[in-house]
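Supplied in structure tokens, the structure appears directly below.
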Amino acid sequence: MKFAMKGAVAVATALTLIAPLAAGAQELVMSIGSRGYGGMMERNIEAFEAANPGTSVEWLKVSDVPGDSRKLYVTGLTAKSPTPDVFAIDVIWAGEFAQRGWLEPLNNYLGKDAIAAYNPSFLSAATIDGTVFAAPLYVDGTHLFYRSDLLEKYGIAVPKTWEEVIAASKTVMEGEGNPQLYGFVSMWAKIEGLFMNWLSFTGGNGATFFDADGEVAVNSPESIAATQTMVDMIYKDRIVPDSILTMKPDDARTLFQQGRAVFLMVQDFVYAPLSAADSPVAGKFDFTRNPYFEGHPDAKSTAMGGWLLAVNANSENKEAAAKLVEYFTSYDAQLAAALDENRAPGRTDVYDAPEMADATLLKKLGDDYAVGVVRPSASTGNLYPRVSEVMQTEITNALHREKTVEQALNDAAAEINSILGK
Amino acid sequence: MNRTMNLEQRTALTGIGFVTPTVIVIALILIYPIIQSVVLSFGQSSIDGSEPYRFVGLRHYATLMGDGRFWNALAVTFTFTALSIPLELALGIGLALLMNESFRGKGLARLAVLFPWALPTALNALIWRWMYNSDYGLFNAVALQSGLADRPINFLGDTSLAMASMVVVAVWKTSSFMALIILAGLQSIPRDLFEAGRMDGMTKWQEFTQITLPLLKGPILVALIIRSMDALRTFELPFNLTDGGPVNATESLSLYAYKAIFDFLDFNFGAAVVVVQFLVIFAMSLIYVFALRNKD
Amino acid sequence: MQKRPRYGLYAIVALSVLISFFPIVWLILTSFKNTAGIYAWPPQYWPDPFTFENYVSIFTNSPELLRYILNSFIVGVGATAVTLLLGGMAAYALSRLGLRFAGVLMVAILAVSMFPPVSLLPSLFQNFLNFGLLNTYTGLVLAHAGLFLPFTVWMLASYFATLPVEIEEAARMDGMGFLRIFLTIVLPLSWPGFVATGLIVFIFSWNEFPLALVLMTQNAMRTAPVGISLYPGEYAFPWETISTATVLAIIPVLVITAIFQKQIVGGLTAGAGK
């Protein structure tokens, strides 16, 4: 026993020697996806450190796939981990995280003016009874990226409808005769992104998640028809590779970037890597709004997302952490992010800046946001994770042809009704 | 007289003293958690104790029994075990027979057998996930370039292929462990038994079925037990290879339990899942332990 | 000695060796490709260009990886030390001191070794949280000790059974205490058994996944398999980093296995032979 104690003491001593590696004097750990905020991360951190001597910021890169990073946060926050001090949260988790007591209220740290400048509808997702738990960072959405060179080669106009996308894919695939070239790729693995994609498809056919009476309408005829198109793209039209069912956004982006797909439907972030100097498709692609189905030109089909910054309620450096949040969401930093990285600002005053007149790419992205469809997270609140899980599962069932589209969506409607207690 | 009594007592006391630390650690890490999970599974409480424990009876178990995903996980676990163990056993016996021969380069061969065993299962799953990738993976490159397939094979994304793909990884990694245990059994078989057999004009096959196999019963049983317990508990393989997909086709009981606990943060329902998982596996292990005792 | 041509045998051996090594070879080759090479189609069977850039950049861009490996070492060594010490004492008592309940206890220990680790998670997570043991080496060392003690006890007990009792009896005649006998006679005599057991426990601990995943929630405290598995710093798996990290993380266990293959094989088969 004595020896065991000694051993334990020895181990413990060794550990204390190594521990300082993790803990610094005033070191903030900030956790955010590695691509989501583009080059602004390094710039902001550098500027913040220069303005706050003695404080250093470590950027903990997490997955930009929300479901993956959520898993990390959830175990860490449940364990009352003091790090990360600051982290980016998907707008769909804001309410849940705040209710679990994981987020530090920001009212006492951020000025009233700053709070008033934030995009109000975005902010409301993170506000409970007037208490603000997170600050809006940026808005994003999905777009249809396409190979402009290939469309031009075959004299095809930029497609507006799914019918045109499918026809164009077939023409190009046939013309190129390359079995490694696919028509359309996207994020159809069983992730949140799949649900976003599905909302784009069904929205493009005039379907809505809830109908006018507030009833669950995921199995409406419009919704079923749009979902059937997704299934047919894989098995009937064969313009989509089977592997789409395991693809997350960056898998699809990589394939498109390697020149192996004509169309790609994912979020804004891919624009930067696709147009980077070493990208094989740089200068050969462009993007447009997500397609709609024939006869629905006014349909809302841009699946919207957004990220906020929050302070960990168990952080040991809350003051400094809040300062960091304040810096990232400040007018200057947000303007720079908009101009240089095309990140749609989380505060409204930036849009009025005179420099914004020249931000053509952001404008173009903004045009697509104008036909945005949001996920039903506000109306389902805390139950949203379960609703989303059901939708992901049933859409996956349909895409794998484990169930017919109608059956899958009927099941989804029934399950969601039972989750929502209807 | 008094002294010998003391010696006996001292022996017993020392024995207890020597055993106690191990018993305490095992009780804390292995036994108490199971008991606590049983308690948790009958109630509703919060993780950090801010909400007091409230008894809810069999509610979580009722939810569980009505959950199709649970039954799917149970089926996946047994299918995985039933598919991988016989393959591992057949390959293990083959490898053991091979290793029992004397040939040059045996050291390398033994290393080749040991390497898969030593590789962390989680990282091994990542390596295979990369080789299975349908757009850049090694297997698809070979299949497409050799003309074996005209369309990429979606090894991990196809509901009818994912289980088979996972079984291949498990068999690749653990057949060698079977082989090692069976090899030890082989080496303990007296040589003269085979010589006697040869005198009787036995063929190699007869030798194998009539002499080798019966004597290997013990080691084979042990290997089977150890491996099937591992297969029934499998967690990091699906976690890293497929995340249980596609459509839960590879979601094992352990993975389902993990997700029940940590995806929805419901420790009470999660506890009900692990209690059932525990009962299933423990029942199997009891059967095995009795099988082992009867062997002797 | 028979002298039949044994080409068939060698062909099978060669095939087995090939099958055993190809995933690791493919992994190593992948780690020497640049990003374009990794995602090239058709795949490059040989890296072109052959580059070390992943190995350089992993140290500059991903220092956490070194931290993961360090964590694995600390936990592995700690768990091995605790397990050998406690398990050695218990095994000695159970195999040598004629305890009345020894047989029952051995079977009980065997039975608990079959518990599914995931079953322990809700409770361990909660208790470790309340006792401040999450994200500590002490916590994971303790958890691994609990997980691997049954194996250790069985292996060492079987090893002690092979030692002659006469020396210990003589020592006891001389009036030596059990602790002294254990430390000065049994331990030195049975070090090969301890080495074999220790190596295997170290590898077990290095490779252990579910408990390391749940009990270490902070990035800086993760062990190598968990850290690498959760590594996706990007939308997809960055294979250039993952393959390189995996190579670095498996080198220690593979080197140990290569050097001590005889001891490990002996240990595994002895432990299972019960």
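Letters A, B and C mark the chains as written, and numbering starts fresh at 1 in each.
The rule is short, and it goes like this: a contact is a pair of C-beta atoms (placed from the backbone, for glycine too) under 8 Å apart; a residue touches a chain by one contact, two chains touch by 3 or more.
Treat the numbers as computed from the prediction; the structure is a model and nothing was measured.
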Among line, ring, star, complete and other, which best matches the way these chains touch?
complete
Which chains, taken as a pair, are joined by the highest number of C-beta contacts?
B-C
Which chain has its C-alpha centre farthest away from the C-alpha centre of subunit C?
A
Could you tell me the distance, in whole angstrom, between the mean C-alpha positions of subunit A and subunit B?
37
In whole angstrom, what separates the CA-based centres of subunit B and subunit C?
16
Indicate the whole-number Å distance between the mean C-alpha point of subunit A and the mean C-alpha point of subunit C.
38
Residues of subunit C that contact two or more other chains, please.
39-41, 86, 125, 129, 214
Can you list the residues of subunit B that touch 2 or more other chains?
17, 21, 47-48, 135, 262
Where subunit A touches two or more other chains at once, the residues are 4, 75, 78, 80, 251, 260
Subunit C residues touching subunit A in their complex are 36, 39-41, 67, 70, 74, 78, 81-82, 85-86, 125, 129, 134-138, 141, 214, 217-221, 230, 232-236
The residues of subunit B that touch subunit A in their complex are 17, 21, 47-48, 133-135, 150-152, 154, 156-159, 245-248, 262-265
Of subunit A, residues touching subunit C in the complex:
3-4, 7-8, 11-12, 14-15, 18, 21-22, 33-35, 60-65, 68, 72, 75-76, 78-81, 83, 180, 248-251, 253-254, 258, 260, 269, 278
Report the residues of subunit B in contact with subunit C in the complex, numbered from low to high.
10-12, 14-19, 21-23, 25-26, 28-34, 36-37, 40, 47-49, 95, 98, 101, 103, 105, 107-124, 126-128, 130-131, 135-138, 141, 144-145, 172, 176-177, 180-181, 183-185, 219, 222-223, 226, 229, 232-233, 235-236, 239-240, 253-254, 257-258, 261-262, 267, 270-271, 274-275, 277-278, 281-282, 285-286, 288-289
The subunit A residues in contact with subunit B across the complex are 1, 4, 71, 74-75, 78, 80, 179, 189-190, 241-243, 245-246, 251, 255, 260, 385-386, 389, 393, 396-397, 400, 402
